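Multiple structures follow.
Two complexes, one shared chain (subunit A), two partners (subunit B, subunit C).
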Partner chain A sequence: MTPAGTSASRQLLPVVPLAALFLAAFVLPLAALVLVSLFRDPEFSGLSLVQYLRFLSDPFSLKVLSDTLWLGAEVALATLILAYPLALVYVASGQFVRTLITFLIMLPLLTSTVVRTFAWIVILGRDGIINSAMLSLGFWQAPARLLYSWEGMVLALTQIQLPLMALPVINSLLRLDSNLTRAAEGLGASRARIFFTVVLPLTLPGAIAGWLLVFAAAATAFITQTLVGGGRIILMPSYIYQQAVGVQDWPFSAALSLIFTLAVTGVVFAIGALSRRYLRGVDAA
Partner chain B sequence: MQRSFIDRLYSGIVGALTGFGMLLLLAPTLVVVIISFTGGITLKFPPPSWSLHWYVELLQSQEIIAPALTSLKVAAAATILSAVLGGAAALGLARSRLRIARALDALFMSPMVLPAMAFGLSLLLVFNLLGIRLSAGTLVLGHTIICVPFVIRMVGASVQQLNPVLITCSLSLGASHWYTFRRITLPLIRRGIVASCFVAFLTSFDNVPVSLFLADARTEVLPIKLWAILEGSLDVRVAAVSGVIVLVTLAGLVCAEIFGGVSRQIGSR
Partner chain C sequence: MELALSDVRGHSLDLNGIGHAFGATVALDEINLTVAAGELIALLGPSGCGKTTMLQIIAGFLRPSKGEVRFDGARVEHIPANRRRIGMVFQNYALFPHLTVFENVAYGLRARKTAKPEVTAKVEQMLGLAQMAAFARRLPGELSGGQQQRVALARALAIDPGLVLLDEPFSALDKNLRLDMQIEIKSLLKTFGVTSIIVTHDQEEALSMADRIVVLNKGRIEQIDSPDALYDRPASLFISSFIGHTNLLRGTVTEADRVLLDAGPEIDLGRSAQRRRGTPVTISVRPENIAFGAERPGAIPVTIRATVPLGAVSVTEGVTTSGEAVKISQARAAGIAKAQVGEIAWLAISDTSRVSIFSTPVDDFSKHQQRSV
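Up next, the complex of A and B:
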């Protein structure tokens, strides 16, 4: 038995290689990103905040950022609406249905993003499933433009990110004390009322965790945004890529990356903090 | 009467949304596999006829096979690096209550929070500023960082479940640290390691934001190649690639399930 002090620091010995790697390939690059964003122009001629001012004074850039955050919020809300019924059925079902739902949730999680996005191109395209079904059933006269539209992009991202929402919601529903719902039932509440006054408030932490995961994932989903949204919808990830690789304006693209990172993590932290405050109130009551 | 109507309406809505949700989860994968067997030359669905034409075409497409092999190599290297370095770190961090251990844990998890585009760009900038030429090596480095959080979480969870008394017993019975690690610790955290390797491999194989900035002309990876193809035209060969990826992933999942119970690990993440 070694004394506590030396064994505590010796335990950290295996951490050293990874810490060194992170210093070189994670902390250092991020420092470089901050530094480059402070240069006045692509020739690196002097330090200033001009890139940030350029972003804040440009209505186009601000629109790109707000569209991107809005996309994340919309997709997260859509997945929330689909995840709860799925989770309710999961919790109420036997082993077979539970395994089936788990398998269905894992399926998109494990197939590559490009494959999932490609599937949506097939579904939404001009000759795709939705168009040929609607045309042959006589609902539509001409094929609708589903691919390269905002709605198509939201639908595709909803499917792609649904597992991120379903898992935490199922987990928090499983932890819910079933005596509470049974008590409400015994007191004569309808099932809808039980859901909105007992189940939903008590499983809100899981829902918020899922909402934040999906929000961040959908806002940064470069592949799906560019392939299903198309070239006419410009969002932050493609804007960064275009400025960095297309225009080669590194200071501006670095500033864009940092602003985008701050905006996404800012929303995540703000909502996380708000929910902790609100949920503490629930516990106290 | 009033109440039963509301109850039925509620059950109806829950049922309908669940059905829609399950269909939504299943449909895209199914669609990809079906369309890959089309005999037509467009992505028309349902396919006008059936054939293996696009798989044969794929076998002859060196410009897709080469990036696929590159992706497999990069993913294998990034998986091994992140499993060895991340696994060692997770072992060290799991039972330490030092403040620096918590700080390091947060650092190792942060690639998950940071938008990957920003990380990809920052790596490109630093390699350029330092005059390091982009290569398969720099790509592996970037992918390793992205994979580490999964290893830290999953191996860390396995280590937490490990009863420390077993290790104390082994050491007090005269076994060396190395022997104890090999015969006691490693077998007991095997599930966590297998599951994290599986997820790390998929994460690297699937990564776009980092590869987008770091892949040079000689190290083109599969997702970027497919993205470039799809941006230009709606090539049916992508369907055949997708079919292969879906089948290989399912086979991999079955293997990982047998050796590591991977679905439980991912589910509890």
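Up next, the complex of A and C:
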């Protein structure tokens, strides 16, 4: 072995444990998943692409996938709309308010998703805080269906995933040169014009990073989707669970898993590529 | 429209009794300044002197704690920055990195809802004047520093501003390019006849650009004068050492028009010192106002420490018997004997009418002394 080769392999030595873990816990199971998805039936008799064809020709399955991706997109958009005002307040504030906002953003991250989801059940439930308040104040005659609804699920996921959006948006707003907004103001631009022509385009990399994080997290949020969405709304994570554990159709659920993974990463890569193509002169976050 | 400002190019500007404090820190105190329409003014001072605060107050980014800002005689403190018709050029140019050169220059016009053909015509005119027409489709990141500055100025002038404010506009440029850009920008501003205010800590920049220089120190105006007057007749010890190079020599007033220097001789000022006998004073003598001479009464003995050739002139530094450093600047002509290091030389002040005299401040004399070394 050449001296250069020796030093290169020495340099790689520290990553061996992580690489081994990655291989054992990710690459091998993924390979197993691919293999399982290629069996013709739950009895593992013979290889074929029939599971994939079954998915692509089944309107119900396709609807579940599109609903799931749409949920991720909707939640990501909602967090984006909420994160900008929060980030603008943060950037304009003094040290004390900044620390307070950071604490409030980080707090949900320090509690488990299960706890946060159950908190939403308490709030949205039939006898929950909102329903009992509205009923006792006489605004509503009967309890509204908040839990086990699409809107309730979007609401809960928006709150739960907000930190993933707020942090990158705040970060890119902090890096925005304040002279640029001053220059725009000096040139006669209104606040709204400054936001849409200078602040938003220049912080878009952070917003896109946040959007992709929230999209992927919300689309795959099995616990919150199941507990707040309930049994009526079937999305990819619960569909896979149902096919694997309930129906015991392992080849089909493996195919579902791979299709879902490809669809989510496909969206992430497509948006990443589009933003690199169209964001001129803007530093990538 | 709330804006009652005339459309004539170049506002006059008045600052009356402006004061500003950030919490307990007083940034500006009792600022009075009148700028005529079309005048080019430099705000000069060391960092922390309040010049940036003053610029922000004029631009409308900051409302002064007290005092009046008037454009063409009308008060404007209540008018926000985006309705003051002011062109700003920032230290880092602050060009919008995601917009092309054309779009940058068009920004102010579009913000003012100018019709499209007019925007195109105006932007093309401005880019032509700034010699940037060939770069209209480029992004700012693809331009050199000097080109970015031209675009920044074109963008500021495109809105037909009444006032152009330039914040340390040349500090990001190479030294070689700086003088060229100063001349170019000065002539552009003068062509437009726009009232301009340059904020700078660089005295050469102020001297080369401005009709008048406002020297700020610790939140107060120390002197407002033409570049020549500021150099020849500095109003304070601070200015005499801040503008150009100078030699500060301590002494004591002995008679109405005579000062006994700590360095040895008694010199005749040729005019009244306007101070009582026995008053400790500091005299300021420019390096070009000192020449080597013969040993005679009134000449200052120094030990030569170093000689530095600086192109057109050569500068010699000597130390007086009282330990003060003195620089002598001479045109580097043939036939002038070179002073040898370690030698004793005798110095004479060429023109005593160009010597400035100040009372010696008790506390910060040593600081000035260090600066001049």
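Note that the second predicted complex is superposed on the first by the 275 of 285 C-alpha atoms of A that agree within 3 Å, B and C clash if a C-alpha of one lies under 4 Å from a C-alpha of the other, contacts with A are read in each partner's own complex, and residues count from 1 in each chain.
Note that a contact is a pair of C-beta atoms (placed from the backbone, for glycine too) under 8 Å apart; a residue touches a chain by one contact, two chains touch by 3 or more.
Only a predicted model underlies this, so the values are computations on that prediction, with no experimental measurement involved.
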{"item": "Contacts of A:121 with subunit B and subunit C, given as first, second, both or neither", "value": "first"}
{"item": "First (subunit B), second (subunit C), both or neither touched by A:85", "value": "first"}
{"item": "Subunit B versus subunit C as contact partner of A:190, first or second or both or neither", "value": "both"}
{"item": "Subunit A residues touched by each partner, larger count belonging to subunit B or subunit C", "value": "B"}
{"item": "Touched partner set for A:247, first subunit B, second subunit C, both or neither", "value": "neither"}
{"item": "First (subunit B), second (subunit C), both or neither touched by A:47", "value": "neither"}
{"item": "Touched partner set for A:274, first subunit B, second subunit C, both or neither", "value": "neither"}
{"item": "Contacts of A:28 with subunit B and subunit C, given as first, second, both or neither", "value": "first"}
{"item": "Contacts of A:200 with subunit B and subunit C, given as first, second, both or neither", "value": "neither"}
{"item": "First (subunit B), second (subunit C), both or neither touched by A:62", "value": "neither"}
{"item": "Subunit B/subunit C common contact set on subunit A", "value": "188, 190"}
{"item": "Subunit B-touching residues of subunit A, taken from the complex the two chains share", "value": "8-9, 11-15, 17-19, 21-22, 25-30, 32-33, 36, 81-86, 88-89, 100-102, 104-123, 125, 127-129, 132, 158-159, 162-163, 166-167, 188, 190-192, 195, 216, 219-220, 222-223, 226-227, 236-237, 240-241, 244-245, 250, 253-254, 257-258, 260-261, 264-265, 268"}
{"item": "Contact set on subunit A toward subunit C in their complex", "value": "177, 179-180, 182-190, 193, 197-198, 201-202, 279-283"}
{"item": "Partner subunit A, residues of subunit C touching it in the complex", "value": "59, 61, 80-88, 90-92, 94-99, 107-108, 111-112, 139-141, 155-156, 159"}
{"item": "Touching residues (chain side subunit B, partner subunit A) in the complex", "value": "3, 6-7, 9-11, 13-15, 17-18, 20-22, 24-29, 31-32, 35, 42-46, 85-86, 88-89, 91-93, 95-98, 100-101, 104, 107-108, 110-111, 113-119, 121-126, 129, 141-142, 144-145, 148, 202, 205-206, 208-209, 212-213, 223, 226-227, 230-231, 234, 238-239, 241-242, 245-246, 249-250, 253, 263, 266-267, 269"}
